[in-house]
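Okay, got some structures for you below.
Note that subunit A is present in both complexes that follow, paired respectively with subunit B and with subunit C.
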Partner chain A sequence: MVTVLNSIDTGHEDMIHDAEMDFYGLRLATCSSDNSIKIYDIKNGAHTLLEDLKGHFGPVWQISWGHPKFGNLLASCSYDRKVIIWKEQQGKWSKYYEYANHDSSVNSVQFAPPEFGLALACGSSDGCISILTYHEESNTWEAKKIQNAHAIGCNSVSWCPAVTPEPDFGNDEETTFVRRLVSGGCDNLVKIWQEDGDKWVEANKLEVHSDWVRDVSWAPSSGLNRHYIASCSQDRRVIIWTSEDIKTWNSNVMHTFDDVVWNVSWSLNGNILAVSGGDNKVSLWKQSMEGTWMCISDVLKGQSAM
Partner chain B sequence: MAVRWSSEFFTALEHRELQASAMAVDSTGTFVLLAGRRYIAVRNLDDTDFENIRKFPRQSKYDVNTAEWNPTQQNSELCVISSNQHIEILKWSLGELTQTHSMRAHTRVITDLNWHKSDPNVLASCSIDTFIHIWDMRDFRKPSLSLSAIAEASQVRWNQVSPHILATAHDGDIKVWDQRKGNAPIQYITAHLSKINGLDWNPQIENQLATASQDNTVKFFDINNPRRVEFVLVSNAPVWRARFTPFGNGLVTVVVPQLRRGENSLLLWNTNSRSAPVHTFVGHKDVVLEFQWRKQKLGENDFQLVTWSRDQTLLVWRIEPFLQKLCGYDPNNCRKLDGVENEVSDTASEVSYKAVTKIKPLQQEFSLLNVQIPNLKVVKMDASQRCCVVSANANNYKVTLHVNFPNGYPNGIPPVFEIGQGSSIDEFVSKHLLQSLTYIAQQRVSKGRTCLEPCLRQFVVMLEQLVDSSDVTQLHQHQYLEPDVLGTFNDACIPFPRTSGAKFCSVSILVCFGRQLHMRRTLAKVDSSTPRALSALGNGFNNRRGNEQLTVISHYIQKQRLRIKQSNRSLKGVITVYDAAGLFSVNRQLAEKYILDGDVTRICKYNAKIAEFVGRWDLVQAWTLAGLVIKTQEVEQEDMMEHPFGNQLIQSLITHYANHSDLQTAAMLSCVFGKGQDEKARRKSLLKYFSVGTGSPYHTIPPADVVADGWVFPLLRAVRSNSLDNLRVEELPQLIPQKPPVSAFYEYYKLAYAEMLHRWGLLYNRAEILKYLCTPAEIHRGVEFLTDCQKCKEPSRTTSCPTCKRISLECIICHISVKGSANCCLVCGHGGHTKHIQQWFERYNVCATGCGCKCLIETVGMFNF
Partner chain C sequence: MEVPCKTFVIPNELCRRAGLAGVWAPLNEVAVFPSHLVKAHNPDAPSPYGPSNASVYKVRQQVILFEPILRKLVNEANGTFLSVQELISNNVLDSKVELQKLSCQYRSIIRACLENLQDEAMRDKTNYKEELQNYITIFYSVECVWHLCEILFVENIPGGVVLPHLLEWIRFHFPKYERKAATLLAGDLVGIETHPDYWQTVIGSLMQGRIEVVRALLRLHSAGDSKPFKLVDQALKAMPTYNIYSGVSATEFNLKWKHWLVDTQSKIDAKLFISEKHLHLMMRLSVGEETAWNEVQSHCEAWYELLAAWLVFTEPTVKSFELGQFARRCIARMNVGLRMRHLDYVLLAAMEADIIQVIKEIQQMSENGWFVSHLTDLLYHAGRLVVLDNNPESHLVGSRLRECFLLDYGTLLMGHTSLWQVGLSYLDHCPTEGLKTIELLLPRLPLKSEARTQKIIREAHKRDLPQIIQSICKIQAMNSLKRGHLGNALTWGIKSQDGTFTSLLADKFLREYCKNGKLLNIDLLDSLGSSMLISDRLIFLGKYFEFHKEYRSRNYKESANLLISLLSSKLTPKYFWATLLDDTIPLLECNELIMSSLDTFTLLHCLQEKSDLPELQDKIELIRLGAARNLSRALMYEAQLVK
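And then the complex of A and B:
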């Protein structure tokens, strides 16, 4: 069912912390503890190193590709408290914008869905979440900060999809997109934020995890008439949160793993969840028609064996 | 009570009945305080009458453990003593000692106290109750900060330079704290295997501290590099205290002799030549408990050391200039150096106590500037003219930089940078340089901080990068930010880095990365649970590499495995990209081949064939079924909406596929279904319209327009709810009975599928799908081509002119209005559909209208002109 397309030896001098393909699945970006970010061109089993970006002075924790309609953009966040947005211009990548208004390590970045404009959310260990929005008219980045979003620190942020099966869709009136975020932090909470005028307000506080929440992910879209959020935690559990109206959320413990869980990622269709954690294993999970979650693949566990 | 004089020392006090257990010298160097269970005594050291002691009785069950005078000028009359769990603040004024505060500060015995070096109100105390409390004199109700150390603390010392840093000793370990991030130590040093008796910071080097331990050694640490001991002094007995001298590179140690016999001497060391002490102070007959430096008096060359031994003898030692020289200090230069020292301590207090600083900040910054920047030479530095000139020499570039400091600097106003004449860089580069320098400066001064050094360093780094941007090692050497910024991080709150992960990207790609297998195995052996915070790297494994660089890898590989790591270096970061398409029901091949053009029956048949070709038998059935439903309705000539079975069947088909996350099929069926509806609706209503004749009197659109319009289908779709349906207002409910909410989902399926096609790069197919959307697409923002009406020259967004209602651009070939891609002759203005015009000019070169214009030639001529 799953075939290896490519195996890339990145040559990073230290551990890799994140890897992501761009919108079209043609380029791969990786970031590592060696403070660098590498971009590869992936074509039919071959790969070529396009760029080795250096600009951070600490381990780079996470990267995020922007939507191609804004140009080729890549955001990265690091232990050095900075968020850098890189841009490709005439085949060369360079620093496009640098945001250094966090007081501690920035752990998570994600570009917003393109319908929300060019925007970026950043979660930091100083407990704050920053939302950077680009204004084309003035060619400036505006930063809004949610102060003390998570006591001790914020570990992960994820945007709500813009295109959702909401009942008011068929209406002729101009659909105004409400920007929403989900975040997870060291206070064991998952929080949902909503933009209200020029402020971001806390819409929900979801409390089930019993240890640090390491990753949250809002399902990009799904065939069902529902919102899905997956969260994973140091307590070794993955929890699936579902909601019909984004107001009330139900929790469902998907599975308790053997080791801490670091990463949850939804497929584009929103029906398969990839989970990975401290035990170096990757597993894929799918919801059956009855609503129970099943592991459909555990074959990737020896993935890096060579 | 005999008074002894010696060339080297004089006995200041010998008072057996005091039974003092703690001694402290005040910041002016005049008074010495001796505190014990029964008395507190104060002695003026300048007073030659040795009997002249002020004694204040103190009745307490407990001995005084520690005593210290406040080191700052503002509160120099304050002295703090600790006894058991209590802290007492005493005030010495006008020859009287009064107690101002007494409080129970800890729950167990207080082991050490230390005043802040620059802030007159701050005091740190530590205890075996494991807490380190930081107190503010202005509010004694509770500590302003509590540091929880888990282990009991025996010593606490504020850094002499940095106002935020303090170190505590816990048995054989040192913890370094930053009071701004108080929930965990910023550094953890496993210093000795035995108990640490004494702790002291270097007064000049911010990051250096010395530990005196029971294991007979004094070790020096750079707190940024806790793994490595900078150097060790070896003594013959457990070391009780080790303190830096206020001059040169000296250090004074005192030992605890075994069985309380033998060595009672103090040793003076030069830390640069560590094989033997440079001087021994002989004179005490019992164990030296405490020693302190007196403040040097103006005009004196000697330094004085006050020592206190268990037999209640207080000696004052003169450190003659020759001894100072042995410690690498030249007393003749003391004037100059003294100035610098003052400034050093003033910088330390700058943040917490700005009001005292009277010294000009610029002068101070200049004197503090570390000019040892590679490739950089300071040409001129003039605080009175407020300017500085440096020249950098990086490989082939030689650049002179002028920095002018406006009067407001550094409070929000950045200095002005200029590239000097004779610099060998071009204008573009120098502009770039100046920009980033100003940016850095702006960032610093906006917080009221000085910026010269970071700017200069950045300046050199940028020049070097210019020369050779690929030279990675150079870049790493100049991470000037790193020790400064990263050193103060509180890693306990930063999550432990992920070393494996999986991400779904694009449509069906799964990107995985992880550790190598041998790494996992060692991990299992070493530690079964994964830590949650980054600080685990600093503690348990303590494998920090080089300068403050974190190595996550070290967590997984033990030392003996390092060899393997190096041999497998290239395997550290392998990423595997999987094609997970097999897991999803969407199929790219189908997406490429599916069609949406033509009539519904044909579409269904064709798409069924495609599904068969790809091997999706389930979809063959679905398409055939959909085809049948629509065909039956055609045959029966009956409105689809009134057909109860077919309608519901299609709906349930779509829902079924959507529930299985097969958005591709759901979206395709939604489009086809919508199309079927439209055609049916149109046929039906037209039929009715024609059969009834005039139809509803309310309708506004004559049929001729509809037919003449080349865009009859999309128009109908877009405005389905107003124009044509008005024809039979009363029949509307039956005509379109099932609009929302189901159709909202159909729209959503189409959008989701369109995004999928976009990611696959199938832009044509995506556009096809988007044409079927009921909701208006996003309002176009960007370049727009408007047609000017040929008659009234009004720009028009649609096919007809808004003012004269005529068709704004009519194709000269087919005589239909043009919407979309069009070409016109720039000379005669005739034109039309791009395709038609292209076909025409393949054969002819004159205008199709017969106006005689040789469009091709004329247009080319125009562009040449």
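And then the complex of A and C:
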């Protein structure tokens, strides 16, 4: 059985495109086609509107919360080609940094795991991916761009969790993590990118989907030296990509749905995948001990109130 | 095993029309909201769906374990779980016996929980009563299955002679005859047979193998001294019972048993009991007469009640591994094959020794994995899952199976504000993925209060997760800074080991001093010690504070040394030079000579270097003058020393 803990009437004037809970699950941010972003306090079952952020001039597609160790940050991306980072200071949210170096709608933003520092990845319909990195010493944002990441456009970006590199004996000073990303686009491809010196290079091109890739999500690390990426596509399929060395990847079609699949989302410890799409359902999937993916009970379906 | 997916409905018209999307939220929740894919390439115009009820639904699996009434069950079972782990890690020789004791302990926890639920259900007059009844049904099944699994898989039954244990199990779960017998014996003994329950109780007790009770009740019958009663009493007294410790071998017992059967059968055939139809039935049951059993089986509530009774009189030496076939026969006999409840399937699987099937079935028991995780753990440690590892056709591995359940259960509890520490203890015992899961979940616990934060840090510390501690400390520092508590922020900042961040905080202290001439949080600065080493700016702040302290205690010589070392340290922030140089004036103007010529040269050198600083302009002459005067004093004094 499933219980609705609470429902939050967002008051948006048009469709919501993303709803993200902050790091602790105490605040909710939503973004909408009405160009606005709203932030709610949702502690103890009640909800209070904290902020109504207006700064975009087009539908806002996606939002991402920063890790609280960097303060209270929220990033948003919009049809207006802009990425905005919002910051809370003295209880008020305001524009902290604006990035407008894309030539088309920005479809996806995600803050990096904190081990990678304060960094943000953005995927745009202009086919490029931008990686913004904050430098604390100089208080500046540095942008690096992957040109032509996906022909016709990039729909989704997702960071690789920070994995401890092979222990480097004799050098127990600061461990540096290799920054990686996965992206999905209108060229039907899933691509893995890796930072190499001051450039981002394509590490893998994963080719199985036969239509636009709508969403990709790199699972939080389970500790089993095994990486999982979920991708979903217009071709109605969800594919689980697995790798043991982040070099070679195997694909496994988790399920072919009745309709286009829009979103994939991993649970916090990466053991359950939530899938939603055009079939009007959200379903939860878990890998059985035999290795196959099974829909575990409780599919959520929309229906008008009785 | 195919489990049909349950569909849960989100009562929202927009969700129905447009579609919906779900996103995971900390810790075990999903945020569901109406959604329809419109990205780029679509015209920038209002969608056909707005304005409408755009709500976000926070959805979670229903967790009955979070009900306050089940809290005790969760906590106490945790204690037993930890005892099991300790027992195993200590490599006790006789762990089997100990494991069985712990299994009993689990069962007594369930029993206490059931009694508590029953009391509450009696008292409750609200809608909650129904819910409580539901919990009672769930935990009754749990208790029943656990008990049987304990007998079949945990207990070490000598020779596999399972019947006495099976009877004990049946008596425990069908206590009605025992209760009735007790009521009868405690009541008016004269004319006891007129009691409407009398014969039902006698026959029921017989079927549960309580021969002594049957004999006692028969003796109280007003015709107890009549011949048929005497004969039945004799026959029951003579009935051999199989006991592994009696020194009688199975063959020997069977011989005795056959003899008793023939003897009793001959009495039946001689129509010795025919005058008392109940006694006649009892004797026919004892010799396993089919027609007699057909008469009584409708009184059995469940097939396994019949099974135990039937085994007493037909297969007294039955071995554990033979149970399955007899169970199936009883199910067929009672014709309940099509009406099997979930509990029936689990018990049947257990009797067929199909542990995997048992585990699969009990996952569906809707108590959120409490049962399956604790039982699987116990079975694993009892060496019962080894079969999996040895089966080349199965992809399952016993240790993995156990770990998966513990991971799910631990993760579930981590999502509760006051059960998270209990959750941690389960994750601790997941050798492959436990620590990583803790790493992912522990930092997500909201830092509601200082005390709770300290608790979380302690748990991280116990598991040697310094990066988590540092991250939490950093977050606390940011929060303190946001609230304007600079001292608190610095304390947390130092613990976070974040050099750049503590530099930023130290800067705030120094700038505050430049502005107001006041050093904040003196106690904290006084106790910095070696922790100041994480950042240059903090070292500067710490040393500058020490200079002030020495000066205030009139240790001018020491304070001057500190000041000079700061001047030559290259650690001084640009904005602080004027303040630092200004601080030399009282030392230069002191009555006694404090600064040596060398010190003064260092000062003059710095002064020359920084002479362009605008904020220094109105002081520079004064300092130069002071330095010159001090230099002359120092040179003269030092010249005298040389002589």
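By definition in this document, the second predicted complex is superposed on the first by the 285 of 306 C-alpha atoms of A that agree within 3 Å, B and C clash if a C-alpha of one lies under 4 Å from a C-alpha of the other, contacts with A are read in each partner's own complex, and residues count from 1 in each chain.
Operating definition for what follows: a contact is a pair of C-beta atoms (placed from the backbone, for glycine too) under 8 Å apart; a residue touches a chain by one contact, two chains touch by 3 or more.
Just so it is clear, the model here is predicted, and its values are computed rather than measured.
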Combined model on subunit A where subunit B meets subunit C, clash or fit: clash
Partner chain(s) touched by A:3 [first = subunit B, second = subunit C, both, neither]: both
First, second, both or neither for A:20, with subunit B first and subunit C second: both
Which superposed partner A:276 touches (first subunit B, second subunit C, both, neither): both
First, second, both or neither for A:242, with subunit B first and subunit C second: neither
Touching partner for A:225 - first (subunit B), second (subunit C), both, neither: first
Subunit B versus subunit C as contact partner of A:28, first or second or both or neither: both
Which superposed partner A:260 touches (first subunit B, second subunit C, both, neither): both
First (subunit B), second (subunit C), both or neither touched by A:76: neither
First (subunit B), second (subunit C), both or neither touched by A:204: neither
When the two complexes are fitted on chain A, the stretch of subunit B hitting subunit C, from 653-661, 707-715, 725-733 or 833-841: 653-661
On subunit A, the residue positions that both subunit B and subunit C contact, one per complex: 1-21, 23-25, 28, 30, 32-33, 42, 58-59, 61, 79, 104-105, 107, 115, 125, 153, 155, 214, 221-224, 260, 262-263, 265-272, 274, 276-278, 280-282, 284, 289, 296-297, 300, 302-306
List of subunit A residues in touch with subunit B within their complex: 1-25, 28, 30, 32-33, 42, 54, 57-59, 61, 79-81, 100, 104-105, 107, 115, 125, 152-153, 155, 163-170, 172, 175, 186, 211-212, 214, 221-225, 234, 259-260, 262-263, 265-272, 274-282, 284, 286, 289, 296-297, 300, 302-306
Subunit B - residues contacting subunit A, complex: 443, 472, 475, 479, 481-482, 485-486, 489-490, 493-495, 497-517, 520, 529-530, 532, 534, 550-553, 569-580, 582-584, 586, 657-663, 666, 739-741, 743-745, 747-749, 751-752, 755-756, 758-761, 774-776, 778
Subunit A - residues contacting subunit C, complex: 1-21, 23-26, 28, 30, 32-34, 42, 58-59, 61, 67-71, 79, 89-90, 104-105, 107, 114-115, 125, 136-137, 153, 155, 214, 220-224, 260, 262-263, 265-272, 274, 276-278, 280-284, 289-291, 294-306
Sites on subunit C touched by subunit A in the complex: 3-41, 44, 46-47, 49-51, 53-62, 366, 395-396, 400-401, 404, 407-408, 411, 432-433, 435-437, 439-441, 443-447, 467, 471, 474-475, 478, 482, 500-501
